[in-house]
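Heads up, the next two complexes both have subunit A, just with different partners, subunit B and then subunit C.
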Partner chain A sequence: MKISSWQLLILLFLSRIFITITYFTLEDVSPSVMMSTTAFSVAADMILVIPAIILYKKYPNENVIRSAFEISKSFGIVLFVLYFIFAIFMIFRTVRFFLYFFENAFLNLLPTLVVGAMLIAAAAYVGHLGIEAAARSSSIVFVAFLLLIIAVIATTAEDFDLNNYYTEPVGTNDILNGVVHGISRSSEMVVLVLLLPYLKNGIGKSVYGFLILKLLFVEMIALLCILFLGGYMAAVPFPFFTVCGFAKAPFVERLDAAFLVVWTLMGVIKLSLYTISLRPSAVLLKPLNNNAVTNLVPFVLGGVPALYFAYKEQMIIPLLDNEITACAVLLLGSLVPLAVLILRRLKHEKN
Partner chain B sequence: MKKISIICAIIILVSITLTGCSGRKPDNVGIVHAIGIDKADDGFELSLQVFRVSSAGSQTPIDSSKTNVEIISAKGKTIANAVELCENQLGKEMFFGHNQLLVINKKVDDIYSCLNYFINNDDAYIGMIVAASEKSSKDIISADISSGTVAAETMKKIFDISKKDGYSIDSRFFKVVSDYIDTDGTMVLPLIEKRSQAIADKSKESGEPAQDSLEIKKAILVNNSKFSKVLDIDEVFGINYFLGDIEDADMTVKTSYGTESVTLKSIKEKAEVSEKDDGVKIEKNITVGITLEKEESKEHRDEIKQEVEKKVTEYINKAVEKTLKQDLSDVLEITTLIRQRDYNLYKKLTADREEFLKKVSVSAKVNAVY
Partner chain C sequence: MNIDDKNYAHTLLPRTADEFKKMLKAVAGNTMDVNISDIMVSGHRCVFVASEGMISTQALSDLVFRPLMEFDMGRTASAEEIYTFLTRQSLMTIDRQELTTFGEVFMRLFSGFAIIFIDGLNKAISLGIQGYDKRSIENPSSDTNIMGGQDGFIEALRTNVSLVRRRIKSPLLKFELMQVGKVTKTDIAISYISDKVDKKVVDEIKKRLMDIELDTVFSSGYLKPFLEDKHKSIFSSISTTDRPDSMCIKLNEGKVGILIDGTPFATILPSEFIEEFRTVDDYSTRSFYTVYIRWIKYLSFLLAVALPGLYVSIASFHPGMLSHRLLLNLVASQESTPYSLTTEAVIITIMYEIMREAGIRLPKAVGGAVSIVGALIIGDAAVTSSLISAPLLIIIGLTATASFVIPGLNQQTSVLRLVYIAAGGLFGLYGISILTIIIIANTCVLTSMTVPYTAPLSPLTTNRLTNILGRPSFLNLQKTKRRVEDLNGVKK
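== the complex of A and B ==
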């Protein structure tokens, strides 16, 4: 099963924008610093993604783990284990953030555990259906997201205050912090190097299209919140959700209800991508050459602890730390593919 | 198998997105429409106007001829404490997502602690109007306004129209909190008063029962989280003209042709910020649009224009004098203006807010156009 470059672009985009609409804040930085460091972080992504593009161009039917198997079986197994752990870690992180948001932003009419269990079940089911089902669903969710954004902008635009945006000189530390923060929110870079065998063609279009779309929408959402909320943005943890809560449309009293639908579907797609991306390489390992095992084990190992900590109302901050995630993304999304490319070339030359 | 899979997917996805439609009925949640906060001996007295599912005397659950609300109140050391006591009284969890109005009594000492409860309550509607009252705020939210489904909706409409006409300041919750954060502790709130007599007199003639009405013709400054000076209507107009917030205000001007009534609207404002000695000078060019009731001669129009410019300038000067010079309150958004124009100047000057505001000089040039 293959997907088009447009479908891959949308999958990666929804996975990334889920994080932006869930949680971002202006606690310590000014609007201009936040917006300019986002641009720097996307510029860094454009460089970090180069090994993935070269990998696809040289070996279009392989991902980073399959390529590692071509170098040596043990190297392939080591990488599979690393990416498998990463998937578990990201499922844990995503489910915990989802439930944190759910606990804090909504009137708790349903037990958090039930919501979390349903989320995991839905994501596991989409993961079971595979890349094609996720890609088709993502197109619908993307349209719903666009409609939500248009409705929010249309209903809040008259309250935009240009005085809320101001420019502050951006220092080197701001840029570095912004880039680390940006990379920590880019687990799609890792998913991408695993999803490569699913892509029909047009890797450049997918990857750079995704990064441009991400830049555009992250900046747009940030600007929308800054212009509308001003100083209030520093006081709330979920600014975009807060804006949606204010926005009224003729068809709905408050747009946070529409937000909930779109956001939940994005979460399901994001979670399902972590197991779908493992499948092309899992077939190389006999014990894991079973769809159900590859699909369910990461959800059990990542999702159940997230439910437990949500039940205990603990955030497990070290595991959610930005630096740890940034290092993992940098390593698995860029450095490992680069190492695989170099080792494979050396092996080729040796032969 | 495929059909079963699709059905399973639909059930799971739909059930996730319908999390608001679980077993809780509206009569198990207290839907708050207006909040009043008064000072109590040891903390606050909180009064809530809560939606009543079945209003007295009505055949249907919602009767637009009845108030459809009940008032409950409790005293607590903190707002959270008082909310809990109200919940205990009513046996319902309070939901602030539909709240339209928050009235704080002038005697309350710490305004921000009142607002902070609602900042931290993610259900609270950020578009609710925040107002102050000189008398009991419980009395304000209990006002017998029977038009509309619930009284608070009518109260909100009173604010909306007053704001459009320039009588009230834009005091939506997120705006006042934003101003408070940006200006390091200042904001301005409309001062609301309850009137019964005028309507009661009218009702004697018509034989209808007496009703209350609400009036907004003053405002009050908040400085360092405490209520400060009261602004009269001219000063409120001055703030609104300075900030370009006038949508449809009436003005009466005297000319050699007689007394004329005109309608004014803010069109644009342009500000120049420059450093002056060790302070800062702000020159604001304000353009207001004039609409006449009927066609007038050019000379008459020129005279009206001059009178409008003179009167708007007077309003602004009064507002600058009272808010900036006398109270050192930054409700004219001086800090955010300087921050936007010159960040380095803003950083240099705003370390000590009061010292900075003493050194600010503001002038306004009003240009009226037809």
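== the complex of A and C ==
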């Protein structure tokens, strides 16, 4: 089962942009600072993905865990456990994020537990079908996302206020914060180093295409929210959703329900990626080499606590968007692949 | 030699006519449709065997009996001389074959061949003089069109083969005959154009067909589960058509067609989702009109599947999406009905399905009456008595009409419509979204013979996108070589 570079690009993009359309705020910075730090964050990503690219070029049918197994079995197992925990954490974080948003954006529409259980079940099903199903589905979801963006821009453009955009000098601290903030939202860097064996060819096209597309759309969504909401952007918790709520089309009074549809599709794709990415390395380990086990265990371990916290209405905000996540992404997405490359080279030279 | 219905297939023919008849009767028993007669040809004893109703009596008398009776060597002919006459010196029929086992004898016998056994030789000759009654060639029943050919497949395999051959006169068009079904021994013809098809696909299809151990095969539905890949999907990566021209178009794309004796439908594989929206008429009309109709069909599919579900979910969970005037109208119409919108939608959808099924199964004359009863009496009465709201009836009517536009996906649209109503009614647009991603993934996982069902959209094959947006021009068609294997996402 292999996917094309375009399919990988779209998978990573949807996974990343899901975070942006869910929760994206001005906080305490000016629009220009926010937009320029986003660019710096993508530039940092471009450097951080280099180990993954080298890993693919040297060992195209292996991901970071399989490569670690080639160095030593125990090292492989340790890495598998680390990535497994990361997947569980990300599933927890994504489900909880999803439910938090759902509770607040779509007040009392459905019981939280039902929403969460449906999301997890759908993601587990897509994960069970495997990478090809997820990749092909993502192309269709991508088209839906594009249509949503076009519809929102077309229906809100007349209310844009260019005065909402103003510039301020960008300080070193701003850049640093922006980069850390950006990395903490880039769990796709970790997913990428696990998905490498699925890629047919064109790693550069996938990765840099993904980063360019990400930069383009994150900046576009940011600009859209800034021009439409202005100062209110810092006050509303979900700016893009709010813009969709105000968007009025000829047949539809507001586009927030359309947002719900696209956002849910993207959420399912994002969640399924975490278990799909574990599969190429899980085949090396019993009893995880069973497809159902690899697929269900992370959803049970990550999803059930998320449902519990959602039920108890505990948000655990710091856990969702902080330096710890950034460190985990940095470590598992860049440093570990780099270490594996070096160790493998050393082992090769020793032999 | 002992022969019975278990070992007859590989039992060799005996040398004497008496033993041949005895063994033949031992297997066939006292079945009334096998006629066995002794005849003398130039003084030599032969046994003539035929299945009643399967051969043409005219052809039998003109092509077989008359030449045999006129064959006179002036002395008792030897077995070899008669054999040479039958196989090399006479022009009885083109389709003749030497048979050496009882398996071959029964296979040919029940396919409408006459069998002549010559006493003294341990082989028989089969002569193709089939003449069983068959339906005449008529308009295709399920895939009608305006500008294309008006002849459709019938139940007779050889007639269907000729319908395809008449349209593709190239020697590269091949028909490979084989039998499936342990009891029925149904003839099937695997057809392909040898320089267009991927030979590995043909070999794989043949292998899968040979592995079938079903007792009976009566239609394409019996073969589909064995030809499909392992993933279970609500859609099928194998399509059927009752149009020879449609089959020819698909064969030219490198696909493989399977004609089954006894069914007027050809099975085509691999198949793509987008194919269901293509018709032969697309290539007979102006391209702008084809584009227009193609998009009407896409819209119809979406309406047929999701419109009632969307209506129920938006009206029940997201009324803010609707304009105030529309909302007021809906509320007013809903106020007078006793059931919830979801219940109403489910009831009326099931009622529609009952009437549709009744209309299909009943004789045509009565089927029309069912439509009148359904549409005029029940529908009108339900609205007048305020059991069903008028807007919902309009929605279901529109949905039903839309589903007729894509008859090939009728099974899927019927079931999905009800599932969408349930999802939308219970969970709103969130339920619709979750159901949609499940259906998308379930469809996307489908692959047939390395070709993804959702190609060329996903995986994206850019040079085939014209097939989605409209249709490629004939100028384009003559320049490019279009093969189905190019859709598997692998760049060559």
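The rule is short, and it goes like this: the second predicted complex is superposed on the first by the 347 of 351 C-alpha atoms of A that agree within 3 Å, B and C clash if a C-alpha of one lies under 4 Å from a C-alpha of the other, contacts with A are read in each partner's own complex, and residues count from 1 in each chain.
Note that a contact is a pair of C-beta atoms (placed from the backbone, for glycine too) under 8 Å apart; a residue touches a chain by one contact, two chains touch by 3 or more.
All values reported here derive from a predicted model rather than from experimental measurement.
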Which superposed partner A:Tyr125 touches (first subunit B, second subunit C, both, neither): both
Touched partner set for A:Thr264, first subunit B, second subunit C, both or neither: both
Touching partner for A:Tyr232 - first (subunit B), second (subunit C), both, neither: first
Which superposed partner A:Leu335 touches (first subunit B, second subunit C, both, neither): neither
Partner chain(s) touched by A:Ala134 [first = subunit B, second = subunit C, both, neither]: second
Touching partner for A:Pro169 - first (subunit B), second (subunit C), both, neither: first
Touched partner set for A:Val293, first subunit B, second subunit C, both or neither: neither
Which superposed partner A:Leu346 touches (first subunit B, second subunit C, both, neither): neither
Touched partner set for A:Val115, first subunit B, second subunit C, both or neither: both
On subunit A, positions contacted by subunit B and by subunit C: 106, 109-110, 115, 118-119, 122, 125-126, 129, 254, 257, 260-261, 264-265, 268
Contact footprint of subunit B on subunit A as seen in their complex: 30, 104-107, 109-110, 115, 118-119, 121-122, 125-126, 129, 162-169, 229-236, 238, 241-242, 245-246, 254, 257, 260-261, 264-265, 268
Sites on subunit B touched by subunit A in the complex: 5, 8-9, 12-13, 15-17, 19-20, 22-24, 29, 93, 95, 97, 119, 122-123, 125-127, 174-175, 177-182, 333, 336-337, 339-340, 343-344, 346
Touch list for subunit A against partner subunit C, complex: 3-4, 6-7, 102, 106, 109-110, 114-115, 118-119, 122, 125-126, 129-130, 132-137, 139-141, 200, 252-254, 257, 260-261, 264-265, 268-269
Of all residues in subunit C, those that touch subunit A in their complex: 231, 314, 317-318, 320-323, 427-434, 436-438, 440-442, 444-445, 447, 452, 454, 457-460, 489-490
